[in-house]
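Two complexes are shown next, each including chain A; its partner changes from chain B in the first to chain C in the second.
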Partner chain A sequence: MPKSRAKAGPGKVGQTMVFAKAPTILGAASVVGPREGAGPLSGWFDVIKPDRLLGQRSWEMAESKMVEEAVDLALAKAGVKRRDLDFLLAGDLLNQIIASSFAARNIDRPYLGLYGACSTMALALALGAALVSAGFARHVGAVSSSHHDTAERQYRSPTEFGSQRPLTAQWTATAAGAVVMGPPGQGDLRLTHATIGRVVDNDQKNPFDMGSAMAPAAADTIVAHFKDTGRKPDAYDLIVTGDLAAVGQPLAGDLLAEKGIDLGNRFVDCGKMIYDETQDAHAGGSGCGCSASVFAGYLVKNLAAGKLRRVLFVGTGALHSPTSYQQGESIPCVAHAVAVENGRVCGN
Partner chain B sequence: MAKADKSTAQRYARLVARRSPKPPVLRNAVTAFLGGGAICSLGQAVLGFFLVRGLTLGEAAITASAVMVGLGALLTGLGIYDEMGRWAGMGAALPITGFANSIVSPAMEYRREGLVLGVGARLFTIAGPVIVYAVAAALLASVVRLLVSGGLGG
Partner chain C sequence: MPKSRAKAGPGKVGQTMVFAKAPTILGAASVVGPREGAGPLSGWFDVIKPDRLLGQRSWEMAESKMVEEAVDLALAKAGVKRRDLDFLLAGDLLNQIIASSFAARNIDRPYLGLYGACSTMALALALGAALVSAGFARHVGAVSSSHHDTAERQYRSPTEFGSQRPLTAQWTATAAGAVVMGPPGQGDLRLTHATIGRVVDNDQKNPFDMGSAMAPAAADTIVAHFKDTGRKPDAYDLIVTGDLAAVGQPLAGDLLAEKGIDLGNRFVDCGKMIYDETQDAHAGGSGCGCSASVFAGYLVKNLAAGKLRRVLFVGTGALHSPTSYQQGESIPCVAHAVAVENGRVCGN
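Up next is the complex of A and B:
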């Protein structure tokens, strides 16, 4: 693999934080709903809920419950107690991020609420890695969630309303993914780089086609990551966006090709991975929980097993709101990239 | 990077148009025809039933509408109408059963926010604009008619 051109030592090159003392991933867990559990990644998720209400009195509290369960399960796998968590970084799609904050109320540790739409998991990993790498924390929890029914009622229409969705639309996943990060040297999986994206807006206005809106942001951050690190696409086994889905991912490929970057077969997307064609999800999955659960489920497990050596996880978020699109504004988007590797397989 | 300039945005819009899947217009039209046709045929049968039972056409039409609204509400409550809507599209939205669906679905969705701020305030989130512009259009048509025919007529 090509050596990084970035200087050794902690620091920042361009938009990229380089973690010389790379934080580790000690544990990861995913909790998903029935539709996600019936999809192609079924075997990679830790908990598959048989219903979407989880015995709670509202969709919102069901989502919050999933967040709490995912965090507790990730802590258990990491062998870390709740009280040893220095910070909890969490975010979701709901107004005032209530799914995260209500879970944080129960977890009862210092809490940083984040919003990056579907890029939230990548954002939480980047910030958590920075906190650990800089020595402000030993253990940091990063968690993100979404719920189909909470998102539908907030962004679109009541769940029982009979409308036909366009083919470009994505299906908000009912899922939560959590990761517990620890100090350097404590585990095989290391977070080595985080590239923080700019807000990119190519004047897309269709809230039923967020893949097209987000693709330019994803391409912008991927280009910046390669420029800052000096790495080439072949440094990674997988470059995983979450979630551009079936319409956005080829568009990101087109934009990268214009810059002379060909990601080839290693370019995959969480939104395309989580459902199959028979599940009527149209373009694919979306929502903070989609990329979070694919990361905490599929990616972390394959990295830990050494089947994947190094992965670039690129969370992509559409930063609009129902208010902004009803007022005719375009959809600003952001993407953050996190490089994760198995230190045992990649060496130093 | 701020917002893309006009030429970048236009160039990107062309790329998006090329990559976007084309909506299956023919399939949608066929399912809308079959779904909407089935609902309307059922409505016609209900109307016929009340006519046979001796109601006048006006009474039978109103009663049949009420039955279809009740059916739409029931199917919404059972979680079936949203599936019908996904399949038939406008064929399920346009008949009066679709109107029932548009009222009952927010009533169910916002029940958890209470009877006043939830159900009461949100009941017409979808149907509200339809009613507002239907009334406005009726008013406009009446004014035009008044001006043209010069009287309220009988």
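Up next is the complex of A and C:
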């Protein structure tokens, strides 16, 4: 892997924040449901719940409990107490992001609520890294979640209907992923760049094919990242979108190819990684918790072990609502990218 | 007004970010509906729309148009072009914050979606100021909106019902407010501190009395702000909550009095300012756009004229959803505070 040609120095180039003082990842944790725990990444998740209700009265409060548990576990791994968390950055898919806000009520630390649909984990990492890098925080928590049943009844049909879904549809993961970041020099894993996406909308209106809707946004942000940093794809061991799944990922690859960018087999997608073909998840996984748990589980653990040296994590979000869909609007999408590396392996 | 005793220097004290390199407000604009334009602040708003549909096909897209128009007007006042806006920070009350995301699609700049209910404008100002102060951005837009009819049908009843509302209820304002921030030294108005709130929930469950629900969060953040900065109430000409309205504001005053803090007649509330008693708005105004438009309209203009020297703007948000309410949950609330001053009048 060639060294990055990006110039060191604080500030911003194009759409990309450059963290000369790179925040570190002190702890990360993933909490997932039974279906996700039965998938190919089973061994990488910290907690696999036996059911989707977690002893709560509602799926919504179950999702909120997953958020809280993921944050507490990431804090424990980081050796940071709740009271030493300067800010909690969180968001989810639910109307008024209630999974996050109810968890924040219990965690009881200064709370910054975010919304970027399935790009939310990347957004939380980007903003959290900026706050730590600038010295406005010492410890920051970034967390995001989704829950199959809360999303299904909010976005699509009451779950009792058992509606059929086309094969282009994705399966909202029941999962939460949390990361605790700390100051530069505190750990091997460092967050060096964050590329913030524009809203891209190619007039796709089918909410049962969000991969196709999000692919142009993913490609737009990846192109911007390479332009801003001067990096080429081989700067990264993996470029991980989350979640374009089986329909959207090849489209993003085509759009990048049109720009002369070939990511090759380092281009993977959280939505394709979280389920296997026996699990009837159609195009693959989706939901804020899918990319959050794959990041906090598989990616952070492989980076920490040095098996991955540097990764570009590209969260992709479809920003429509059921109301905008019913009103005939197309689906505006966004993608945010964060570059994470093992500093011990990559050097300075 | 005594000088602040807060120590200069970058970083954070308690819940408060201290902007030693204080970002400046280069432009601000407010766009409101007919009812808001007929109220006591009529003369302070930049644009008063004659109807609530703005020539759009839906109220939701009308709200989105107000966001776009407010941003463009703030940019024009700032002398900043769309393409020179590094980030747009935006949020609103709608499910999946579609008013913001559809506006961001048109504005076409890197977009950070936020959710803090009616605290969103303060949240956008706080995060935007942090990004500018740290050198991660040169120009940042912060915008928030609400629309009476989009909120009414989403949170309460189809508007055709003409439901009766209790006198403790607030009236969601049809309004948007936008601010363009720039680097230190570029203008008189500077944003010096941002205090990020915790989620506070005193087990209030009545969504027709959100002032009572939010008052404890407002008091909690105001107490934290004074503790962190060493300032006393007389450091500010106005301490402006948005929006506790007629029921919540006295409660917040009582809670502060219990802590030995008397804000006196410098304690005002956007929800009480935006309508007068003849307008049948019950407890007063609410909605992200209420505090955003009062900030961008009345407060910024009076600060710029030197009639106000220093203001603490405290956005307050009720973070519940109709789903959480129907499930019997109480209303978690949050408040974020930003300190803005006219540097020419206040000196260094």
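In this text, the second predicted complex is superposed on the first by the 341 of 348 C-alpha atoms of A that agree within 3 Å, B and C clash if a C-alpha of one lies under 4 Å from a C-alpha of the other, contacts with A are read in each partner's own complex, and residues count from 1 in each chain.
Following the convention adopted for this analysis, a residue touches a chain if its C-beta (ideal position, glycine included) is under 8 Å from a C-beta of that chain, and two chains touch if they have at least 3 such contacts.
Keep in mind the model is a prediction, meaning the values are calculated, not measured.
Peer 1: Determine, under the contact definition given at the top, whether A:Asp209 touches first (chain B), second (chain C), both, or neither.
Peer 2: first
Peer 1: Just chain B (first), just chain C (second), both, or neither: which does A:Ser58 touch?
Peer 2: both
Peer 1: Which of the two partners, first being chain B and second being chain C, lies in contact with A:Gly162: first, second, both, or neither?
Peer 2: So A:Gly162 only meets chain B here.
Peer 1: Once the structures are superposed on A, label A:Ile98 by its partner contacts, choosing first (chain B), second (chain C), both or neither.
Peer 2: Only chain C; A:Ile98 stays clear of chain B.
Peer 1: Once the structures are superposed on A, label A:Pro250 by its partner contacts, choosing first (chain B), second (chain C), both or neither.
Peer 2: A:Pro250 contacts chain B only, not chain C.
Peer 1: Name the contact category of A:Met66: first (chain B only), second (chain C only), both, or neither.
Peer 2: After superposing on A, A:Met66 lies clear of both chain B and chain C.
Peer 1: In this superposition, which partner touches a larger number of chain A residues, chain B or chain C?
Peer 2: Touching more of chain A: C.
Peer 1: Applying the document's definition of touch, where does A:Arg198 land relative to chain B and chain C: first, second, both, or neither?
Peer 2: both
Peer 1: Could you list which residues of chain A make contact with chain B in one structure and with chain C in the other?
Peer 2: Common interface on chain A, chain B vs chain C: 57-58, 198-201, 332.
Peer 1: Mind listing the chain B positions that touch chain A in their complex?
Peer 2: 1-4, 8-9, 12-13, 15-16, 19-24, 28, 76-77, 79, 81-86, 89-90, 92-93, 98, 101-102, 104-106, 108-110, 112, 125-126
Peer 1: Name, in rising order, each residue of chain A that touches chain B in their complex.
Peer 2: 57-58, 153, 157-168, 198-204, 209, 212, 216, 220, 246-247, 250-251, 254-255, 280, 283, 330, 332
Peer 1: Given the complex with chain A, which residues does chain C contribute to the contact?
Peer 2: 10-12, 15, 17, 57-58, 60-61, 86-87, 91, 93-98, 101-102, 104-105, 108-117, 123, 127, 130-131, 133-138, 154, 196-201, 319-324, 327, 329, 332, 334
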